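Each in structure tokens, the structures are laid out below.
Look for chain A in each of the two complexes below; its partner is chain B in the first and chain C in the second.
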Partner chain A sequence: MKSQSLLTSIHPATVPDSLASHERAEIDASTRGPVLLFFGCSVFWLLVGSLLGLVAAWKMTHPGLLDSMAWLTFGRIRPAHLNVVVYGWAFQAGIGVALWLMARLCRIPLLHAKLLVSATLFWNLGVLIGVLGILAGDSRSVEWLELPGYATPILFLAYACIGVWAVIMFRYRRPGHVYVSQWYLLAAFLWFPWLYATANILLIWQPVQGSAQGAVNWWFARNVLGLWLTPIGLASAFYMIPKVLGRPIHSYYLSLLGFWALALFYSWNGMHHLIGGPFPAWMISASVVASILMIIPVITVAINHHMTMKGHFEALKWSPTLRFTVFGAMAYTVVSLQGCLMAIPSLNTITHFTDYTIGHAHLGLYGFFSMMMFGAIYYIVPRLVGWEWPSATMIRWHFWLAATGVLLMVGALTIGGLLQGLALYDPKVSFQSSLDFATPFRWVRGISGFLLLAGHLVFACLFVQMLLKIGHRRTGPALFTESKTEAASL
Partner chain B sequence: MNKLPLFVIGVLCTFAFSWLGLVVYPFVKLGHLEPVPDEETGGYFPPTLSGAAVAGQQVYAANGCIYCHSQQVRPASLSTDIAKEVGPRRTVARDYLRERTVFLGTMRTGPDLANVGLRKTDPNWLHRHLYEPRSVTPWSIMPSYRYLYKMQKIQGQPSANALRELSGRHAPEPGYEVVPTDDANALVAYLLSLKRNYPLPEAPLPAAK
Partner chain C sequence: MTAELILIFGGMLALSGSAFVAFCWSVCNGQMARPREAALTIFDDDEPVGLPTDRFPSRK
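And now, the complex of A and B:
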């Protein structure tokens, strides 16, 4: 191994891990308790979050729906939906995947799993108290930070236990290659506490004066997505694609470039949510430039994934993990390029303040991140419980319900949002028209919510069967086409 | 990768760069603005808020008004906000220095509220709108905030603060009246206070035509 020069010393390896099967089994077994607990809780919150989102969506077309009680009003259900899917589902699924990847890639068993289990319980307690607080009316209405000030310290403590674990695991990894996924994970685990502490102190506990709040707010909200969820999603893709195909990642030079460009540019993106807002022009300009420069990390990652997949796309026919992961990777490319365009001020003036942004957010958090997590969970859980997914048909149903649901939702909100935005832009058009244009598309969005909820029920049903080891017992992994075998079914 | 410290330093430095630019800079530069004295009246711009209006901010936050209503007027160079009469001038950082939580907002599912106090000056209209939006604006999709009001039997004389002009199916039964709770009164006081029509050195009002 050429580890003399600085550059080679920080090269990530191109192959995820090469462990003997007994070592792999030992490592997987050590992660079983906490990882399954994270997944189980995340699936629970996914169902709660889908239901809240569905109610919020139908309230937009039926304002009289469930409007007699304060805790069911749109202005509380909507932030409850966001916080449940972000902190309940996405965070916990992400942490579960991240810990499992970390243990496998560091090639060491997870020690003292019981401490992690207690951290999980604390995290869920924090989410539960926080969401009840939002419904009770204790939110400050700071987007992405609606969980009241009495819930966030619980979350922070729980996170501290989890994050320290990941860093310690990395510190005591077995000598040898460091894989690109580990970069993303280690960086995410270091960035998040800084991000969360800053935002909570300056916005909730000791609110800073005036419009500085807006800057801190969107610096936080953008980076939770960009520097916490995105690295975990990409780490998973960088692991799963080569693993399922049984071939190395295309280029580590591109991995290197993609990682550092993401770190440098994504962190500056936040102000593109505030174009025209009460801030010095240079802050907005810096974010617009950084948002457009995001093309670099996005394209490098896309090329890297595409070249790894090249010639092997038929694997999408049989591998559930790969199908979800590749859908997520493609959504990542599309949503990021869409984000670059939306930051251009002349386009932003149309799309700002409209449903278009909501569609964009769902393409990112669902089309990219959630699909990535589904793919990873389909890969990881059989290796933890020693039982294969009982029904390939149900996985197929889950995939198509989720994929059509999210595409329908994003498509409807994109077109509806553009019409709404054009109406809001034109001084000759009344405000009422902006509602009239958006309404039919909001109906379609409401319907897509049923598809997503149905998909999540199928997924939850499969997950429970796995935990209880019930259902059809199979000898090989659950694949869409039975004739193939998963190349690296290890 | 035996240069782990280098990696960690790189990761933390890239992040610190944005933290300095988008957190520390606004904290120092925008977080300590002062109101501007108004020489004509001896008051200040932006004007001080009444206690009820301050309480109303909390009601605004608790019920999530922000998820449909923005509070910012973008400059004419970047938008048509001023042509659409969202406000007489763009909003600037100093406009928000009295807000405990700044409700800039990211959606205009409903109209912008940065200057709602200029457009709506009648508290009874705002109460009727909050109580049953479609009784005053038939096409509105705003939810009703009936839970901020009390339906009560009229004891002797009708209450002075009871909602007037409620009609149709939203009207109370004979002998009953709808009165706002403290929260509803605070929210309306806050909405009436939202007027960004005073001049600031960095955002003068356009010359009268």
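And now, the complex of A and C:
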């Protein structure tokens, strides 16, 4: 398909009626540059974020570690870790996967690749300036929005390009059904700029006063998880699981129910982070009710994924994509139900302000989202570079290091956080003792950080080998030479 | 403070409202009809139902 100018994209009258027989290969080829650029940058930031997180984790047990320089103190390293992982790794991996999925599901070659390449460069410039700003002491002290004000417009400009591109792609899609993954992606693409702009206006440019800042902060932070990262993760799962297995999703109606329930109710969730805070009770109550309503989309998604996999779990042995994706899907169910329970005030009283919340966040961002992204990248990259992953053993190492690392981390923080919370709640226990309860579990968290970093190094090594096409030429998934013979056995 | 909270509450309502508008569009546009057909849109002649499309790389 010929590339079109941005202006002619405003009206889809020029969409061709039919595509060539090599449609899918052409679509994949058209996404190669922007998607690999996003993936490459995300892998770089993943390594940086892992290092920063590891240092922050060990500072919890060794407060004097690397404290001779101001930029390495906990107050700077920790927000730098969060923002690098969220805006450097998760956003860019998510956007890369979303671009590829959008092109495939719209069934048209990717339009305006230069727009996306520019967006990538601006986005990375914004993240780099922002993270250096945090390390230099310019953090804004608003969780998830710590990047300094001079980095924000660059990020917004970059995102605007991506948002415009998504609308154009959707407008030019081939006629027919909008697959459930497309709904998730379109929602994510449109909601994020809304959230980001609103939060920046109300917190930075025309800041609201007093405790209302907390409300805006958690409305934003919660919705970035639920209305940006979650839709992209689930879009990937709803494509990868049926596609890898070669069988349609168990119930398409259930998948739509899950999407629309998330879309209608999720934006009300954020206030449950402020239970006990100086806010009108009706506002907190509405948020608690909406959080409990989240059980509906979570259960529908879980049932759908499980029933699609039912009878085919042996596929986890031979598909790297499925192994990561199913792990992510299971983590989604657990972390979402955990989130619903944490909105119940009696439990929230115990877990709030403890490591339990940190464990919950890591299960969501790593156990669910990052594992989904790893799975998708293992599927997408061979189709873009025309080369197979060089080592199954290294992929297995990556999986087990990542899975063990995140389970160890979440387990330690969950148990340690509960003990810490119960101690904080007990008037007979001193505050110092409540911290002492959590210390052994923070050691475990630090050790798990090494496992995750090792896994990421293996993954980065694999990714670079793919880009450079290093090693023996291998056959398998991307070329489908063997998989056709597997069809009969399924 | 009250005005600010109403503003925030309005933002929450607006997000849900946008989803509701999209939902109405999808119903009117026939997106809720023929779910079986919709579930099959990710398959085609080259990668039909029944064909797995991923496995660990193997040395040939």
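Note that in this section the second predicted complex is superposed on the first by the 456 of 490 C-alpha atoms of A that agree within 3 Å, B and C clash if a C-alpha of one lies under 4 Å from a C-alpha of the other, contacts with A are read in each partner's own complex, and residues count from 1 in each chain.
The criterion applied here is as follows: contacts are C-beta pairs under 8 Å (C-beta built on N, C-alpha and C of every residue); 3 or more make two chains touch, one makes a residue touch a chain.
The model shown is predicted, which means the values in this text are computed figures rather than measured ones.
If you put the two complexes together on chain A, you find that chain B and chain C bump into each other. When the two structures are aligned on the shared chain, A:Pro63 is found in touch with chain B, with no touch to chain C.
Legend: residue contacts after superposition of the two complexes on their common chain; A:Tyr239 is shown touching chain C, with no touch to chain B.
Legend: residue contacts after superposition of the two complexes on their common chain; A:Thr357 is shown touching chain B, with no touch to chain C. With both structures placed on the common chain, the touch criterion links A:Trp191 to chain B and to chain C. When both complexes are overlaid on chain A, the residue A:Thr73 reaches chain B alone and has no touch with chain C.
When the two complexes are overlaid on their common chain A, residue A:Trp219 makes contact with chain B and with chain C alike. In the superposition on chain A, contact is made by A:Ile249 with chain C only, not with chain B. In the superposed pair of complexes, A:Ser391 makes contact with chain C only, with no contact to chain B. Of the two partner chains placed around the shared chain by superposition, chain C is the only one that A:Leu105 touches, whereas chain B remains out of contact. The clash between chain B and chain C in the overlaid arrangement falls on one stretch of those listed (24-32, 42-50, 114-122 or 186-194), that is 24-32. Chain A residues 177-178, 183, 187, 190-191, 194, 198, 202, 208-212, 215-216, 219, 223, 227, 260, 263-264, 267-268, 279-280, 283 lie at the interface with chain B in one structure and with chain C in the other.
Residue ranges on chain C touching chain A, taken from their complex, read 1, 4-5, 7-9, 11-12, 15-16, 18-20, 22-23, 26, 31-32, 34-44, 46-60.
If you check the complex, the residues on chain A that touch chain C are 23-24, 104-105, 176-180, 183, 187, 190-191, 194, 198, 202, 208-212, 215-216, 219, 223, 227, 239, 242-249, 251-253, 256, 260, 263-265, 267-268, 279-280, 283, 315, 318-322, 378-379, 388-392, 395-396, 472, 474-477, 480, 482-484, 486-487, 490. The touching residues of chain A, when paired with chain B in their complex, are 3, 6, 9-12, 59-61, 63-64, 67-70, 73-76, 78-79, 137-143, 177-178, 183, 186-187, 190-191, 194, 198, 202-203, 207-216, 219, 223, 227, 260, 263-264, 267-268, 270-271, 273-280, 283, 286-287, 345, 349, 352-355, 357, 424-427, 431-432, 434-436. Listing the residues of chain B that touch chain A in their complex gives 1-3, 6-8, 10-12, 14-15, 17-19, 21-23, 25-27, 29-33, 60-68, 70, 72, 74-75, 78-81, 83-84, 90-97, 99-109, 111, 133-134, 139-148.
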